[in-house]
Amino acid sequence: MNKPEVYVKDREIVIPGQKMARGMTPGDNVYVDKDGFLRSSLLGLASLEGNKVDVIPLASTYIPKVNDLVVGKIEKISGGTILVNINSPFTAVIIPPRNNKNLGLEVGDVVLAKVKAFDGMSSPLLTLEYEGLGKISGCVLLEIDPAKVPRVIGRRGSMLNILSSKTGSEILVAQNGFVVVKPRDHKSLMAIMKALNIIQEESHISGLSDRISRLLDTILSGGS
Amino acid sequence: MLYVEKKPEKLIDENGLRTDGRRPREMRPIKMEVGVLDRADGSALVEWGGNRILAAIFGPREVHPKHMALPDRALVRVRYNMAPFSTPERRKPGPDRRSIELSKVIRNALEQAIFVEKYPGAAIDIFVEVLRSDAGTRVAGITAASLALAEAGIAMKGLVAACSIGKIGDVIVVDPGHDEDMWGDADMPIAVMFEDRLITLLQMDGPMDESQFSEALSLGMSCCELIYELQKEALRRPFVFVERKVVGGDQTV
Amino acid sequence: MLRGRLWEGIKLYEEESIGSSLMKEYMLKELKNGRRIDGRAFHEIRRVEIRPGSYTKSCGEAWLSLGGTKVLVGVSADIGEPFPDTPEKGVMVSNVELLPLASPSFEPGPPDENSIELARIVDRALRSSKYVDLDRLAIAPGKLVYLLFLDMYVLDHKGNLADALTLATVVALARSKIPKVSLSSDGTPIVMDEQIPVPVSDPVINFTFVRIGDYILLDPSLEEEIASDAMITMAIDGQGRVCSIQLRRGFFRDVEIKKMYEIAREKRKELMSSLEGVLKVGQETT
């Protein structure tokens, strides 16, 4: 085994194909080439923890995983299946019971659902059969990059907490990058949109929570 | 015919300068900008000499029609298209034989770099629009599309950089311009995954002898290295920009 | 001037193919309170900008953004025979390309009904206002005339393509220069080095309105277009006359149409004063 070598700094921007290390453990979005170099497969941020090398993506696509909570939009209802757009290359389906053909849903409705099954090839199967799942109304649907979902939620929900408590709004961030907001008023919605924008844009620079807090205070205290 | 091409008297003058004033091994000015479009998943605008090439990515997304989906990998599709206003004389819109062939070789050049097996059943659509054409549109297009793929967050083994090498009389020149493209003696576009030194596109038109060919090939590699450096810089630039804005507290930008 | 997706990643979720009941519900609530979801007044037009630089090889061009919508128009010229029914006039051909890179719902292929409708909306505004003096584009009446091709590229679709394309085309034409052509004694054309401007008059401007519930909004964003119940585009010339109209979807009441005409006339003045520098005839493209 070679002596471990690292060529990048923690939180440095890396480019697809860039050599990051040698003799370390490859983590997410890192591949090992034929010469044993660990290289990034994405445009992203290097993350070095112990012996492990990861790349945190800056942009990504939602690929469903079983048990993920997703927000979806009803696209089509026909022949005993409901097709749902879940912001993914894969359109999901809900199979309603025979006695309740459309589950009270219409095209254009937004639902909170859980991924029940997905094998990577056939359509992901969603279910609404858990407490709290189902149709959502009276909200605004926003879309963020799925890669940024963890940043919007924050450590143990800290960022989401700041966003919702400061704006007095209900916010739901689904794993697929859809965000549902029940805003207190117009100003809150504008503040949330601005904050989400900054979280996506500046997630690679430390001190994010503080900046978001200050930003929300400034927007919400200003005149309308 | 309103616009007639005039052949210059000499493609290289007595001082060894080309018709646009460049030396044989001098590239044209190149500017790359990532993220110029809003709706696309990734995009890039490359200004290369008089070329203006816009590339955009949609995907990975669902394949339509569905039966085209591949069970074990992404379906990569490329559409290289020249705008009607990209040449002085208007081009009829829509694909012709040349653009269909170029779409094919560009697809191969880029597909080698994409981890297609990560996106089974999905499509990655690559659109290369030549807005203004000035020789070397395919290599500028590959360079732009590679940037757009990275911005779209598509998993790749590395970036693909591309450049063309030409021959005027017996002189090998880099990055042929319009006159050289029209009346030069040879043209050899090349695309390279530079970190691995893998050639993913190589075409050639016009004869070269053994020493000329080996000179052209090694010059092609060096030019691609230069393009690769510019690509890396273009991808990093927006982040540096944001960081300066935040750290420097400058909110005016 | 242009900012990338990475930096404006957060957006209201929309999709052309399906209307969103949720979005509409929210929009109506806000309209009741007197605002649009992007904070604009009902009859406020988004920011218009022209990107500096040259992006085509045409004889006149404009890369124009209207809010987030981006279009690129290039004017190409040629010479040829006039149409038999208008032997004394130059020929003008309009073509709109809804590029697949402008929206996930645009697909490659020949022009569909939407792009043809858009091309005709722009074309009719230009023709009925006589923005381009086609009489002066005849070189040898009945035999040889200039042909102008207006190629309109949609690069980024964020709503209201008609107004963006019309404005960009008007700017591109105002900036166009074409080679002067004279005739030799035996009637063969001689292309000169001298460049002449395309003869244009006072700009015609298209105004697109949508109706959402009972609210009339000017310059709809993509979200508003999708949520709208009706959409109409009307062109106003330099004398405040309405030159062409296309009711594109749904219905309007007569009072609403009169009201929109009033608004459009007022807005034309406003827009023209903000565009003064841009629309200077024969202005260099670079």
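As written, the chains take the letters A, B and C, and residue 1 is the first residue of each chain.
In this text, a residue touches a chain if its C-beta (ideal position, glycine included) is under 8 Å from a C-beta of that chain, and two chains touch if they have at least 3 such contacts.
Please read these numbers as outputs of a predicted model, since none were measured by experiment.
Asker: Any chains in contact with both chain A and chain B?
Answerer: Common neighbours, chain A/chain B: C.
Asker: Decide which interface, A-C or B-C, involves more C-beta pairs in contact, and give its chain pair.
Answerer: Result of the comparison of B-C and A-C: B-C.
Asker: Just the number, please: Cα centre separation of chain B and chain C in whole Å.
Answerer: Here chain B and chain C have centroids separated by 30 Å.
Asker: Could you state the distance in Å from the CA-based centre of chain A to that of chain C?
Answerer: Those two chain centres are 37 Å apart.
Asker: Hunt down the residues of chain B that sit against at least two other chains at once, touch-wise.
Answerer: In chain B, residues 41-42, 61, 151, 242 touch at least two other chains, as defined above.
Asker: Quick check: what residues of chain C touch more than one other chain, meaning two or more?
Answerer: Within chain C, the residues that touch at least two other chains are 6-8, 11.
Asker: Which residues does chain A have that touch at least 2 chains other than itself?
Answerer: 58-59, 145, 201
Asker: Under the definition above, what is the set of chain C residues touching chain B in their complex?
Answerer: Listed in rising order, the residues of chain C that touch chain B are 2-8, 11, 53-58, 61, 68, 70, 72, 74-79, 95, 97, 99-104, 108, 110, 149, 151, 153, 155-158, 178-179, 181, 191.
Asker: Chain B touches which residues of chain A in the complex?
Answerer: So the residues of chain A touching chain B come out as 13, 15-19, 29, 31, 33, 39, 41-43, 57-61, 89-91, 120-121, 145, 147, 201-202, 204-205, 211.
Asker: Help me check something: in the complex, which residues belonging to chain B touch chain A?
Answerer: Residues 41-42, 59-62, 71, 113, 115, 119-123, 150-153, 155-159, 193, 195-196, 231-232, 235-236, 239, 242-243, 246-247.
Asker: If you look only at chain B, which of its residues touch chain C in the complex?
Answerer: 1-4, 33-43, 47, 50, 52, 54-56, 58, 61, 79, 81, 83-90, 93-94, 125, 127, 129, 131-134, 151, 238, 242
Asker: Along chain A, where are the residues that touch chain C in the complex?
Answerer: 58-59, 73, 75, 85, 106-110, 136-145, 148, 178, 186, 190, 193, 196-197, 200-201
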